[in-house]
C-alpha cells in the first residue's frame, strides 16, 4: 500500500465501530450478553428492544411494544408496499428482493407518519414543561405546537384521521392498553396526554371527529417507552415486513407471471369469522 | 375503456386475491380474526406465524419460533447485509432505504442456507419413509441424500460447519431447546433426527468435526414446526432485519458521511459483560 | 488484529480486484485509457461497451447497440417496473430509491426474456456447427433446440409473440437494421439466421404467426455484437432505467401522495403526432 | 364493488396519467413520435433527453449531455455504490438486484452533490439578474449566495474540491468542452460564469485552490442544457448505472461467494496504457 492508502486504511479502522455485537471464534456477545443466554429467554420483541437500545425491557414494557408491532403488520394489498411486494413476486424475483422493493417505499409519506407524530408529541411535552415552575397546560401546549406545525410544515397533522376508517379498531385497542398501563404505573402517561390533547385540539379546529389513527396510537406507545422518533419508523418497518412477507409468500403460491398493477379492489378469499378462544377476550 | 382494456381490467379483478386480510370501513379482519382481538393477545412471533400460515400457534410452538428468530438477528458488521446497511446510512439515504438495500442481498448465498438445509432435511425424512412397511433408517436416508446432493448440487452441504466458529453457541442452545421440546412432546423430532444424521454422516465423510451451524439448527426448528422451506428464508429475513435496523440506527447516530467499505475488523465499543438476572439462567 | 483476523484481512486484499478502473490522485484510467481522452470522444453507448467489455466498438457496431438501447426504454406505465417507480414516488422516497425498487423487479420474468433468448440463439448456432465438416442446417438446429427447450424448460419460448402487439413496431425496425448491417458486412448474421429459424419453426408448430418481439430482436443484436447473455439483461436494465427515470420524474411533478395501485388503463395526455424532420425517415 | 370502492376506482382512473408513452396494439408512441422513427435515428443520449423532457435535442446539445454521462460512469470500487454492487453479487443475487441495491444509495450524500450544485448555480444566476435594469455582477451574486449557503445549509459547498484528486481530469475536460460550446454559441454560458464565480469566491475564502470537481462540472453542463436540478441526480444515476453494471458483471465472472467488505485498496489488474486512435485526440 502507498502511504496515502495506508492512511486511508488506518482511518477506516478508526472510523467504523459498534457497541452492538462482538464476534470471536466460539463466542457471540450482544450488547454485553452471551447470545446463548438470550435465546429461549427473551421474546422476539424484547430482542428487538435490546438490539436497538442496548437494554432488556421489563415484561410490561415489552407487552406494549409487542401490541404496537402486532397492530401494524398489514393494512391490505392496496397499500403500495404490499402491492409492490406482490407485483415483484410475479416478476420472478426471490422473496428477499420482493421484500426489499417493498420496504424501500416506506418513506416519509408511507412509513413516516408515526415518526413525524412522535416528534409532534415530544414537542407538545417539551412545550408543556418549558422550565421549572412555569408549566403550561398540555392543552395550551398542543394548540401552540399545532399552530406552528400547520403554519410551517403542513395543514395535515400526521397521526389523526383516516381516509378509509372513521374509527380505526387498532387505535381503539392500543389506547385502551395505554390507559391500563398508565393506571398500573407501567407508563407515566405524558405522551398519552399529549396525544389526547392533540386529538381534541384538531377536532375543535375541524369541528368534526378526527380520531387518532394507527400511526398516532403507536407513536404514543413508542414515545411512552422512550424510543427516539427515527426508531418509530424502524419499528414500523419491522412490523410491516411481516405483512410484506405474508403477501409475497401467498402470491408466490399462486405461481402467476408478470401481472400488471392491481385493481382498486381485490377479493378476500377467507370465508368465515373466527374468535381466539384461549383467553376469553 | 376499449373492449380489450375492459377484458384486461376484468381479468385483473379475478387475478389478484388474498386470504390474509380484509379491510372495510371500521373493520380489519386478519385470517378471519378481528385485529382488535389479536392486539395485546398474540405475541409478535405468534402474529408472524398467523400471518404467513393462517393459524395461531400454541405457546410451546411459538417459543421455539421465538428462539430461532432471536438467534439469527445479527452476526456482526462484516456480514454483507449489515455492512451494506451501515454504508448506505453514510450515503444519506433514509433508514427504510438502508434496510431495503441490506435485505435485498439475503439471496441464495447469504440468506438461503437455511432454506436449502430445510429441503435437505425434508428429503431425508421423505427418503426414510418411502412407503408403508418399508422404512429405512434415517442414517441410510441421510447418506443417500448427501450422496445425491454432493453429486448434483454442491460438495458443500448447507447448515454444517462455519468458517469462523468451530462450535456455534447459538446452535448448541437451539439444539438443547429442540431436545427438551421433543422430550415434552411439543415436536415429533423426525427432522431433528434427520439433522443429527446428516451431521454424523458429514463428519464420517470429512473425518473431522463439522457441527451444525445456525442455519442447520434453525432449519431443524422450522421443519419441526411445519414451515415450508421458502418461509425459512422469509423468517431469516425478518430476524436479520432486526440486526439491520440496529446497525443502521447506530450508524446514523455517528453522523458521518459517505464512508468507503469497512475494514476486515472493526472495534466493539461495549465494555463489560452482563448476565440476564430475571430468570436464573 | 488477531492472527485469524490478519489472515482474513490479507485474503481480502487478494480477493477483490478489478480490470475496469484505476484511480490515483489526479489520474483516472478506464480500461487502460485516461478518462479525459474518452470524454467528448466516445458516445454514451460506446462508453457502455467499453466499460462492460474492455474495448471501444467501431461506429457501426455502436449504432446497433444504440438502436437496441433506444428501443427498450419503455413499454408503458402498466409494466410492473414502471408502475413501481411511479407508486414509489407517491410514497415520498427520493428518485434514486424509486429507481432502485423498479430496477429490482427486472428479474427472470420481467427482465430476463432477452437473456434467455440469447442463450437459445447461441444454442442454435452451436448446434448448427457441431464439428468441422458436419454442419447442420440452421433450420434443423432450431427444431432440435426448441424440442429440447419445450421438453425441459418451458412451452413458452422467450422472444416470440406478444400478448398485446401482433407485430411489434420495434422488432420490425430492429430487424431491418440487422439486415442492413449484414448486407454491409458489419455483422456476420449467424444469430440473425438463428432467430429467423426459431421464428419459422415456432410458427410451423403453432400454425399461426408468432413474430419476434422486442426481446427476440434485441437478443439477436446483442448476440451478433458478441455480448454474453447475462449482459443482455444488464443492457436491458440500462435501457429501461431511462423509462423508469422519466416516469418517476413525471410522477414527482404531479406532487400527489401515496397512491394505490394503477388502474388497468391510464390516459395518455400528449396530444398530437410528431415526425422527426432532420433525416426524412 | 361497493359505492365507496367504485368511487376509489374512478378516482384512480383520473389520478394516473402520462404524457410519455402511448401503447396500442401494433403502435408505440413516445412523446408523440412513433417509436420506429426514433430507433436507429436518435442516439441513446438523445433518447434520454426526449424521454425525460419531451423534446429531441440538437446534435451539439446532445454532445454535451453525452460527455457528462460518459464522465461520471465510475470512480472506482471503493465508492459505496460500486462496493455494494460487487458485494451483492457475491451474495448470490441476480444482476438486477445487485444494481438496485447500488442505485438505492445514490442519495443526498453519494448522488446528490450535482443536484445541490445545480440549485446553487441557479441561485447565483437568479441573484445576478434580479430585475430589469438592476443587474448585479455574477461575482457579487456568487458571494451572496455562498454566504447564505454556508450560514443556512453547510460550510461545505457541493461541487468544489475533492478528497482524493487535487485537479480532477474529468472536470478539466468538461470545462474545456463548455468553453468551446460557448464560443460557438451552443450554450449561453451564464451557468458556466456562475460556476467560475463560485470557484473563485471559494478559493478567495479558503486562500487555496479548490477546483471544481466532477459534480460541479456536470452541474454546469446540465444547467446550461436546461435540465431541472432533480434530473441532475437522475442523469447521474443513469451514468453511474453503467459503472455499477460493469463492476457487478466483472465480479460475477470471478464466481466467488459471500465476501466481506472490501479492503481500502484493491488491485487494478489491467496492465498497459492505451490511446484512442480514431480521432487523434
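As written, the chains take the letters A, B, C and D, and residue 1 is the first residue of each chain.
Operating definition for what follows: a residue touches a chain if its C-beta (ideal position, glycine included) is under 8 Å from a C-beta of that chain, and two chains touch if they have at least 3 such contacts.
What you see is a predicted model; the values in this text were computed from it and never measured.
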item: For chain B and chain D, chains touching each; value: A, C
item: Most distant chain from chain B, judged by the mean position of its C-alpha atoms; value: D
item: Winner on C-beta contact pairs when B-C is weighed against A-C; value: A-C
item: Euclidean distance of C-alpha centroids - chain A vs chain B, Å; value: 22
item: Where chain B and chain C are represented by their mean Cα positions, the distance between them in whole Å; value: 35
item: CA centroid of chain A to CA centroid of chain C, Å; value: 40
item: Residues of chain D touching at least two other chains; value: 8-9, 12, 25, 93-94, 96-97, 100-101, 104-108, 111, 259-265
item: Chain D - residues contacting chain B, complex; value: 4, 25, 78-81, 83-84, 87-88, 90-94, 97-98, 100-102, 104-112, 257-264
item: Residue ranges of chain C in contact with chain B within the complex; value: 1, 5, 8-9, 12, 93-94, 96-97, 100-101, 104, 263-265
item: Touching residues (chain side chain B, partner chain A) in the complex; value: 8-9, 12-13, 15-23, 25-45, 47-48, 51-52, 54, 56, 63, 66-67, 69-71, 73-77, 86, 94-97, 99-101, 103-108, 111, 164-170, 172-174, 177, 230-231, 233-234, 237-238, 241-243, 245-250, 252, 256, 259-263, 265-270, 272-276, 278-279, 281
